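The following pair of complexes shares a single chain, subunit A, combined with subunit B in the former and subunit C in the latter.
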Partner chain A sequence: MSAQATDVTPAPSAKGALRRRLPGSLAWHLGSLAILAVILYPVIWVIGGSFKESGDIVGSLDLFPGDPILSNYTSLTDGIADISISTFFFNSLLLAVGSVIGIVVSCSLTAYAFAKIRFAGRNLLFTLMIGTLLLPYHVLLIPQYVLFRNMDMINTYTPLLLGKYLATEAFFVFLMVQFMRNLPRELDEAARLDGCGHFRIYWSIVLPLCRPALITSAIFTFINSWNDFMGPLIYLNEPGKYTVSLGLKMFVDQEGLANYGGMIAMSLVALLPVLAFFLAFQRYLIDGMATSGLKG
Partner chain B sequence: MQQDGNAEKRTGRRTILKAAGASLAVAGLGATATACGGGSGSGDGTVTIRYSWWGAEDRAERINKTIALFEKKYPKIKVKTDFQPYTDFWKKFNTQASGGNPPDVFQNAIGFLRKYDAKNVLLDLSEQTEAGNLSMDGFRAGLEKFGEIDGKLLGVPVGSNSMALVIDKPVHTRAGSKPEQGWTWDDFDEAMTRIRDRTGRAGDSGMYGVMYLYDLYLRQNGKAFFTEDGLGFSEADLTAWWTKAEKGVKSGLFADPKKVAQIKPKSALSAELAGSEFTWDNFTVRYTSEGKSEYGLAPIPTTDGKRTGQYLGSLMLSAYKRTEHPKEVAQFIDFMVHDPEVAKIMGYDRGVPTTQAQYDAYQPTDPVNKAIAAYEASLVEAGVLEQITPHPNGADICEAAFLRIAEEMALGERSVEDAVKQFFSESKTALAG
Partner chain C sequence: MGNAVTHAPAMEGPATDSEPRHGPVKPPRPAELKRRGRRENLAGYLFMSPWIAGFLLLTAGPMVASLYFAFTDYNLFDAPRWIGLDNFSEMFGDPRWRHSVQVTLWYVVVGTPIKLVAALGVALLLAQKRRGQAFYRAAFYAPSLIGASVSVAIVWKAIFSDDAVVDRTQRLFGIDAGGWTGDPDLIIYSLVALTVWQFGAPMVIFLAGLKQVPRELYEAADVDGAGKLRQFWNITLPMISPVLFFNVLLETIHSFQIFSSAYIVGGGAGGNACGPADGTMVYTCYLYVQGFENSRMGLASAMAWMLLVAVALVTAVLFWSQKRWVHYEEGGR
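== the complex of A and B ==
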């Protein structure tokens, strides 16, 4: 009863405030919606396109098909060029998960060394490592290819994974080093007093505190590996070993019949794992930022 | 095919397991993985050759069927395939060639012959011809000479094409245009004007950027796009060609280049922006699947009423110079160009079959492929086919530059004068390599 009374009293003022704020907030929302529509248009176009006939897709601005068809999706179950679609997804997933494990383990170990251990030449090595960021991928491409060819590793996943296990992704090392430097020194000093060695400090103190940096690296690595085209293109020589990004390219060639419908349907399906991975891990990311924010 | 599908899946899974093992080995030990060593011979005398081409899934399914036939006939040879779209194919091939690991046999085009011959990548197949592993007999219209350069047989043609004017038939009929063998550029201009005036559509999609068409025009006038080692025309020639093009774009005879760029990868013809397009005759198949209209093939306009300057172009199969299995590669190419069953499977996918035996084996039944066959037959009948223009090392880069710079000119980003200069400076660099 009393609740009702208290409800009544603020109502007029709230209404007044609403009336005062209404034009501004309406304009704000309409503006945001307009921008959102522009941003989402291509996405909706692609979704609509996946239900169109191949001939109606390219060159048409219509969002939705006049006569929606499912055959773009059902035809995916037949596979591309005698290879089942699931093969491409399995290969991509294998590479993406393999890359994530490699990056998280190797880059964090390397970062620990750079951030927490004093050793001769540390600054020089760190500078050199940052320097590798400046080398364009295409400069390394052919020397790397020759190297892996001489080691007889072409047409395996090794060239695509090996570097990830050897902490060659300087950006992620850098990210983790910066994160670890901000961790209070007292924590590892306390651990040392309790008799921990480097590995124990790394494993029990630093790694748990670095979770946001690890998750960020994992998300970016997964997405990069899933979308990588040049690497698999150069190193894999058998359609049976192809990844999704290569498989998508099999639908269209300028000389032959182009199956745009199949390509769009498959690219939408190919988005799902990335989306799922991001959704599964982003809450840890936000969680981590919130907790580290409180501490800082 | 059912069986093949299963086999494919089985090998697929096995290689994945191997790869998984390899990646685990890397993860666990940091050791180099040796699980998938790529030896191409094995104990029982079976050899494996690698075969790459550019194309999409449809071509891949056809090629897989022809390979199944080949492996049945030659049980000691296994063929591993690999394919990408055109541009990705050459990116990959270039890396492989630089890294000393190109496929044993691969699809090739005329613009790349001298380039990769200069890089020592292409095998001279004439030794294999002499050894009896590869027959160069029975080719149509002198095509056996097509892949010969400086006396070396660097490529074996698999499917011939020629340039044509692909037209939207109803549009041309409405405009009252009747292209026929021997029509002139004046007739062509008149037809384009009529199409624009009567149908409200541009006459042509943008012929000024098509290197292979400009080549024909030059040949009609006693020149050619390339000589053995350079460009076969002057800056004044190109200025005249592109000045005419600029006028055509402005007056609406050629499709609005902005719109043409927007609807890519669809063609301006099938998107109903233009009534015709100069391209290779086999593109009609693609346009028919893309567009809603009925498409036909019209002859190339002439300067003197006779010469079109045309020649047969062709995709080829080439081999890697240091392949470990030259004999098997030659047998493979031989099978692919001579076996009648192969022609029945491939159809006109890569162009009209180049050997008489394959040409006779496949009779197209659909209207589009029938039209392509009729068009090529009409060229032979009219006696307009000549020797192909030489393609020097760097021809592929010149072709891409020609198309790009012409488009920039049409879009108004460059003046004609500037475009001509840019093309000559870029092609000079490309041809010097």
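== the complex of A and C ==
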């Protein structure tokens, strides 16, 4: 990306042009900064608020308190409804990691079939897969709930994980299909001539070359699973199994008024894993996003 | 479900382009070909087996079941009882249902265009290659990742409540609305603001599209003396129309399905599930209330199918309109 930042003009003779373009450049930076301020405001607000007295958080316009306090954070060590915060984090982490493994394995297998194997019915299945991309999840909500309830799986993590192992997230299948199609065909053709089967090709050639797509899918899956609210809301009913999202919601309902500062601090803490992933992997996320709209 | 990324593709069949190359060097005998074909089929379905199982068990099967439930009275505890179209007539006659449709449509119709215009505007700004471009792009994208979380909904509720920053800013202009989250008519606009705040995801897609517009077109237009506005209208917009179509489709479909932010910002405790006087009672909130709080699974299934029909209609209309305003480059793209 940094290569793009250097502009085209600045040859010695272009000094005049540079001067003429300066106001434009200034306006560009001012505009970008103004948008940045709007974008960042809520994030800075929650950081500042988490160090304020509960009573000052909403009403005060100062972003940061003159006299920062830590008691909002220390109050979190009491947990929520007698359950330690770390329990919620552990549960969310378990679900997120479980989801990532399921998505990477099942979606890459499916994508390989679509991209590299010629089998009867492939076009039909591909159309169905694309169709599920546009399907509103809510149509499946109730029958899936009934299904899992009949299988006695309410209040377990199975309903939240099973779909991830069965490649139901069509977006990631699609992302990987796009990526695999663009791999040089000569590689797997050569491997076929050497007598490699599909699994060998998938495992030793295609998967390693697909690393960027796999990483993008893994990070998006982690973040989606971490943020998911509706799934846990419906399937989990015992606070000890709650995820961070549900724990936070319970905090709002039970202590939100009594310990407003704690709630704000907890909101920030709940965001940290996502923000950390973003800072570490933003290139993969943005590139993955960009290619989803174009064709590979 | 309400996540940041379920972003779909422009439609296209599987890798048909590369098919003819799939053979060995010397022409094989027909029997050999047949055997190989059978082996390919077996391998294909083996690789696909997780997806096929998931499709049957978690997508197709539930859809059929849901269609059946829609015509029954079903409370989870007793067996579903066939009641014909009663769920639908109850739904259409229910003022609260009509209200939820209205709130949702308003949210979609107001929020989606503003979000997309913001995304395109900022993308045009960032398309200029200047120092810091990559940083701004990343920073503007970040809200799309956290926007659907409970945390941000909590922050949103606080920022838009009485006496908080938005309210006070308004008062500077002499408007004392008393905070948006307490007002049944205004609270939906805090959700609109929340979705607009997440303009980064469509922006990134617009940026990728803008990058592919050939420079020569602008140079030629410069020579012809066309102004910037003309260039935008006659070059940029047609050239990025496939990307625009994709963003409109996806953002609209997503907006129809908003749930968690409405549920959290609106309050979400007991009978007051979505906002003061049902201010954020969007469609999926009401579906949740009917299905999971009132145990009316049949009615909720009927509601879900209505949502599906609505989304399918919007999709169909968009695809139909595509011929008129989306320009694909030659070569079937």
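Following the convention adopted for this analysis, the second predicted complex is superposed on the first by the 231 of 296 C-alpha atoms of A that agree within 3 Å, B and C clash if a C-alpha of one lies under 4 Å from a C-alpha of the other, contacts with A are read in each partner's own complex, and residues count from 1 in each chain.
Simple rule for what comes next: a residue touches a chain if its C-beta (ideal position, glycine included) is under 8 Å from a C-beta of that chain, and two chains touch if they have at least 3 such contacts.
Keep in mind the model is a prediction, meaning the values are calculated, not measured.
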Partner chain in contact with A:Val173 - subunit B first, subunit C second, else both or neither: second
A:Asn227 touches, of subunit B and subunit C: first, second, both or neither? second
Which superposed partner A:Val58 touches (first subunit B, second subunit C, both, neither): both
Touching partner for A:Phe278 - first (subunit B), second (subunit C), both, neither: second
Touched partner set for A:Val206, first subunit B, second subunit C, both or neither: neither
Which superposed partner A:Val104 touches (first subunit B, second subunit C, both, neither): neither
Contacts of A:Ile85 with subunit B and subunit C, given as first, second, both or neither: neither
Which of subunit B and subunit C A:Leu125 touches, first, second, both or neither: second
Greater subunit A contact set [subunit C / subunit B]: C
Partner chain in contact with A:Asp253 - subunit B first, subunit C second, else both or neither: both
Doubly contacted subunit A residues - partners subunit C and subunit B: 58-59, 141-142, 145-146, 149, 162, 165-166, 230, 234, 249, 252-253
Of subunit C, residues touching subunit A in the complex: 1-15, 18-19, 21-22, 24, 37, 40-41, 43-45, 47-48, 50-55, 57-59, 61-63, 65-66, 69, 76, 122, 125-126, 128-134, 136-143, 145-146, 148-152, 154-156, 158-159, 161, 163-165, 168, 197, 200-201, 204-205, 207-209, 212, 243, 246-247, 253, 256-257, 259-260, 263-264, 268-269, 284, 287-288, 291-292, 297, 300-301, 304-305, 307-308, 311, 315, 333
Subunit A partner contacts - residues on subunit B that touch it in the complex: 1, 4-5, 8-9, 11-12, 15-16, 18-20, 22-23, 26-27, 30, 32-38, 50, 52, 54-61, 64, 80-86, 88, 91-92, 95-96, 98-101, 103, 262-263, 265-266, 271, 282-283, 285-286, 289-292, 349
Touching residues on subunit A, where the partner in the complex is subunit B: 54-55, 58-59, 80-84, 87, 90-91, 94, 98, 101-102, 105, 141-142, 145-146, 149, 151-158, 161-162, 165-166, 230, 233-234, 237-241, 246, 249-259
Of subunit A, residues touching subunit C in the complex: 1-2, 4-5, 7-8, 25, 28-29, 31-32, 35-36, 38-40, 42, 45-46, 49, 57-59, 61, 106, 109-110, 112-115, 117-120, 122-123, 125-130, 132-147, 149, 162-163, 165-171, 173-174, 177-178, 181, 185, 189, 193, 197-198, 202, 220, 223-224, 226-231, 234, 245, 248-249, 252-253, 263-264, 267-268, 270-271, 274-275, 278, 282, 285-286, 289-295
